[in-house]
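Each of the next two complexes has chain A plus one other chain: chain B in the first, chain C in the second.
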Partner chain A sequence: MRTNLRIYLAGVKTALASRMAYRGDYFLSILIMLLVEMAAPLITILIYENGASFPGWSMYEALLIQGVFLLGKGIAYPFFFGIVWNTVERVRGGAFDLLMIKPKSALFMAIVTGFDAEDLGKLIGGATLFTLALRRLPPPGVGEWLQFLALFLITLLTLFAYGVTLAGIGIVWIGNIRVYDIFNSLTNFGLYPAAIFSKPVQTVITGIIPIAILGSVPATVLLGRPSPGTWRAVGVSFLFLAGSLSFWRAMLKKYTSAGG
Partner chain B sequence: MLITVEDLKKVYKSYQRGSSFGETLKSLFVRKPIYIEALKGISFRIDQGELVGFLGPNGAGKSTTLKILTGILYPSSGKVDIMGYTPWRDRKKYVAKIGAVFGQKSQLLWDIPPIDAFYLNKAIYAIPEREFKRTMEYMVELLDVEGQIRKPTRQLSLGERMKCEFIMAMLHKPEIVFLDEPTIGLDVIAKDKIRKFILKMNQRGVTFILTTHDLGDIEHLAKRVIVINHGELVFDDALPALRRQLGEKKIIAVTTIHPLPALDRPGITVTNRISTYQVELELDLTAFPLNEFIALVNKSSTIRDLSLREPQIEDVIKVLYQAR
Partner chain C sequence: MLSRSGAGKRISHLVNVLKATALSSYKEWAAYRNQMAVSVFVGPVFFLTQMFIWRAVYATRTTLNGLTLEEMLTYYGITAVIGYLTYDSADWNLQWLVRTGGFLTFMLRPVSHCFYAFAEKVGHRLLALLVEVLPIYVIFYFVFKIKLIPAAPSWALLSLALSFILVFLTNYCIGLSAFWLTRTEGLRRAFLTLRDLSAGMLIPLTFFSEGMQKVLFYLPFQFITYAPIRVFIGHYELAGITLPIPQVVALQFLAVVLMFLLSRILWYFGIKRFTGVGA
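Moving on to the complex of A and B:
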């Protein structure tokens, strides 16, 4: 574990050093990322400012759900979600071979070499929104915080599972980045309280495809009004994680490398 | 035995489609699978400390073999035992003991100096600090790149980069190193330096398996040559035996004072008729002994100059590659 952490930090260091070679572009990218991430919360504010609302949810409650969703992605994207692009690009160019000749799992090496410093903009955006929304709401108790932290850990594991699945697809479905767009569109349902959707949609995003766990489920626990089907969402997330890892291993066996 | 490969086969599934617009459109919905036999059951053994050249034309299956031996690819069938490991099954433990240099795939990081990439490998292979520094300094001195390892990789020449690739691949002191076209695109000085480095490391007991199209690498480095063609092993022996593949032949250049006699005889193959006084030919000594050839030429036209050499390894390789 310690060795792996040391390897991961060495990977982060080299990724940051590489990105710092083009400092101006880096800071501009972070700023753009921050602005893009703020689009959904700004729309939410506009909705509430104009007298409309998500029925049953105050503006700050809705913003907290979005804050949790963006915080989750803000942690996932720079620190481990880079496996998706890293794998897709390496498989297409043949450089995935270089991960396979290291004495660590190819998945771990894809994480180590896939740290995305630019996506720290998402983390800043998510953390800011989460903090600002939380300050306008009654402070949660210790129990609520503990439950939230446990569920948020599952949020991160679910995002990891999504990353592993997309990266696995990238091994055999070479160069296809559209699956990422599908992932993005689907998970955007997680930006809103699950309860505002119709019953069938709620069932799908909570108990079939783990989407509500990305925002609504952990955030509602922090708000003291847990979503119905929380345990089911947790179970589905673990199943999804196990399935994604098996899928990755199966795809890795099918890896054909590129060229000579 | 360090490496044992038995009846190794690899079949790739690919898809076939035509080049016309209609065929391209059709391929969006229906694709015809085709199966390519990259390896048709090759077997060989390699001892510790050997330096083996792995040759073959493009698409012959040598890179596939190398990728299976380095644990990158799963074979379709066959057995591989390297230091007691099956590469694809025991990959993590196994690759800790091997190194690889791919001439066309860099392990260095483009925007930062090689030394940063070396430190990343130090962490990956858990190399103790003192050992890391000692090994790095030794190799840096041997390859003469003291001034380069702290410059961004993108500012280095191809030769300097390749030297750093070697350091990257050997910092963890691998027992076997796989080299895939390590001298591709390098100038003669850089090639020489790298070849000397490989020989030095080989003398220290490191086993090298070298895949290359540069026959100079083979002549300078390999004591044994394995040739693969169409997924089959077509030659596996020492380098002098490879030369003998063409039989007892000599390449002769002869210049005469008077016009040359007719040379269309069994055992003589004229490769270049420069003038009526000068010719280059291949002489099969088993069919036409050298003294008889000299007598033949001297009989009607006195020899002014004659040079003799062994067939080039390239000629032998060409014959092996063209064989189906």
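Moving on to the complex of A and C:
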């Protein structure tokens, strides 16, 4: 474990050093990442400022859901979601072989070499929105915080599972960086209270594809009114994680080393 | 007479370059048509989210900022179609060429890079018309029942064409900044975010405060998406100003001319800084 951590930190150090070659652009990128992530909250604010609302949700409750979603993404994108672009680019360029010959698993090496320094802006943005929204709401109790932390850990595991799945797709669907678009379009549902969607959509995003777990489910626990189907969402997330790892292994077997 | 024939030859040469480059770009990207076809899934899924959001918002009202639910969904439907029609990567391409030194080869060609890049975009978007735009249009029309039929087709087409050129020119200006900054990823993202926001791609501009609407009115970005959508719908209003459609299109044309001049100025100063570093 300690060795793995040391290897990971070496990867982080290398990625940061490399990005610092253009530090002006880097800091601007961090700032922009922060602003880009604020698009959905801005729409929410504009909707509420124009006198409209999501029925049954105050502005800060809706923003808390988005804060949780963006916080999760903010942790995932820099620290482990880089496996997606890293795998896609390496498979296309033929450099994925280099990960296969290392004395560590290819998945771990894809995470280590996929640290994305720019995406730290997402983390700052998510943490800021989460804190700002929470400060405008009644403070949650200790029990609610504990439940939230447990669910948020599952949110991160689910995001990891999405990353592994998309990276697995990248092994066979050569060079298609648009897997990010597919991910973003699907998980866009997670930015809003699950209750505003129709019943069939709620069932899909809670009990079939783990999307509500990315924002709505953990946030509602913090608000003291847990979403119906929370346990089902947790179960589906674990199944999805197991499925994604199996999928990765299956895709790895299909890797033909034909890039370059 | 001589000069007229010279101009004719020049135009004919440009048309030939446009055709040849667009065709080669079309063929090149046809190899990656599956990547483009992802939009047929992504576009409608994004739209589906919008549909649920706005249905929830309109649950307790019939209009919001003068728009009914149907008009709001039409707004987002047209936004998606315009987005796919005018999508552009001239900024990224140019900064990549400058950074890697590949731009050097363009200095040796008897064609301006700007025109070449525009022709590439024409080919790329012609393919997108078949692979992305038409399927999405059909899905919106038949699945979501969004009737994307312009109020005045000829004005809407003209407005779309101007938007197509304006997106290219604004992006090209951002790409030109690579002559100063070499790596422009941050600036590019900043610009795209601000552009999309002030063009009305994320939300109709009438949702912004009165003061902000006045600022947005004088920026060229509204002519990328907001103005074409308004032309499509058949009535224009922003910051309390109502304009007839021909006037909106005329202003859009003016924005294109101004952006072209800006791109020429940036080129004039930027090209002097090009050293071929990275080649």
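In this text, the second predicted complex is superposed on the first by the 258 of 260 C-alpha atoms of A that agree within 3 Å, B and C clash if a C-alpha of one lies under 4 Å from a C-alpha of the other, contacts with A are read in each partner's own complex, and residues count from 1 in each chain.
Going forward, a contact is a pair of C-beta atoms (placed from the backbone, for glycine too) under 8 Å apart; a residue touches a chain by one contact, two chains touch by 3 or more.
All values derive from a computational prediction rather than experimental measurement.
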item	value
Superposition on chain A - do chain B and chain C clash or fit	fit
Chain B versus chain C, judged by how many residues of chain A each one touches	C
Touching partner for A:115 - first (chain B), second (chain C), both, neither	neither
Partner chain(s) touched by A:81 [first = chain B, second = chain C, both, neither]	neither
Chain B versus chain C as contact partner of A:29, first or second or both or neither	second
Touched partner set for A:46, first chain B, second chain C, both or neither	second
Partner chain(s) touched by A:160 [first = chain B, second = chain C, both, neither]	neither
Distance of closest approach, chain C and chain B, by C-alpha atoms in Å	7
Touching both chain C and chain B, counted on chain A across the two superposed complexes	22
In the complex with chain A, residue positions of chain B that touch it	12, 58-59, 62-63, 67, 70-74, 91-93, 95-96, 98, 100, 102, 104-105, 107, 109-112, 116-117, 119-120, 122-126, 152
Footprint of chain A on chain C - complex, ascending	32, 34-35, 38-39, 41-42, 45-46, 49, 52-53, 55-61, 64-65, 181-187, 189-190, 193, 196-197, 202-203, 207-209
Touching residues on chain A, where the partner in the complex is chain C	22, 24-29, 31-33, 35-36, 39, 42-43, 46-47, 49-55, 118, 173, 175-178, 181-182, 184-186, 188-189, 192, 196-198, 201
Interfacial residue positions of chain A with respect to chain B in the complex	3, 6-7, 9-11, 13-14, 17-18, 21-22, 94-95, 97-98, 100-105, 109, 112, 253, 255-257, 259-260
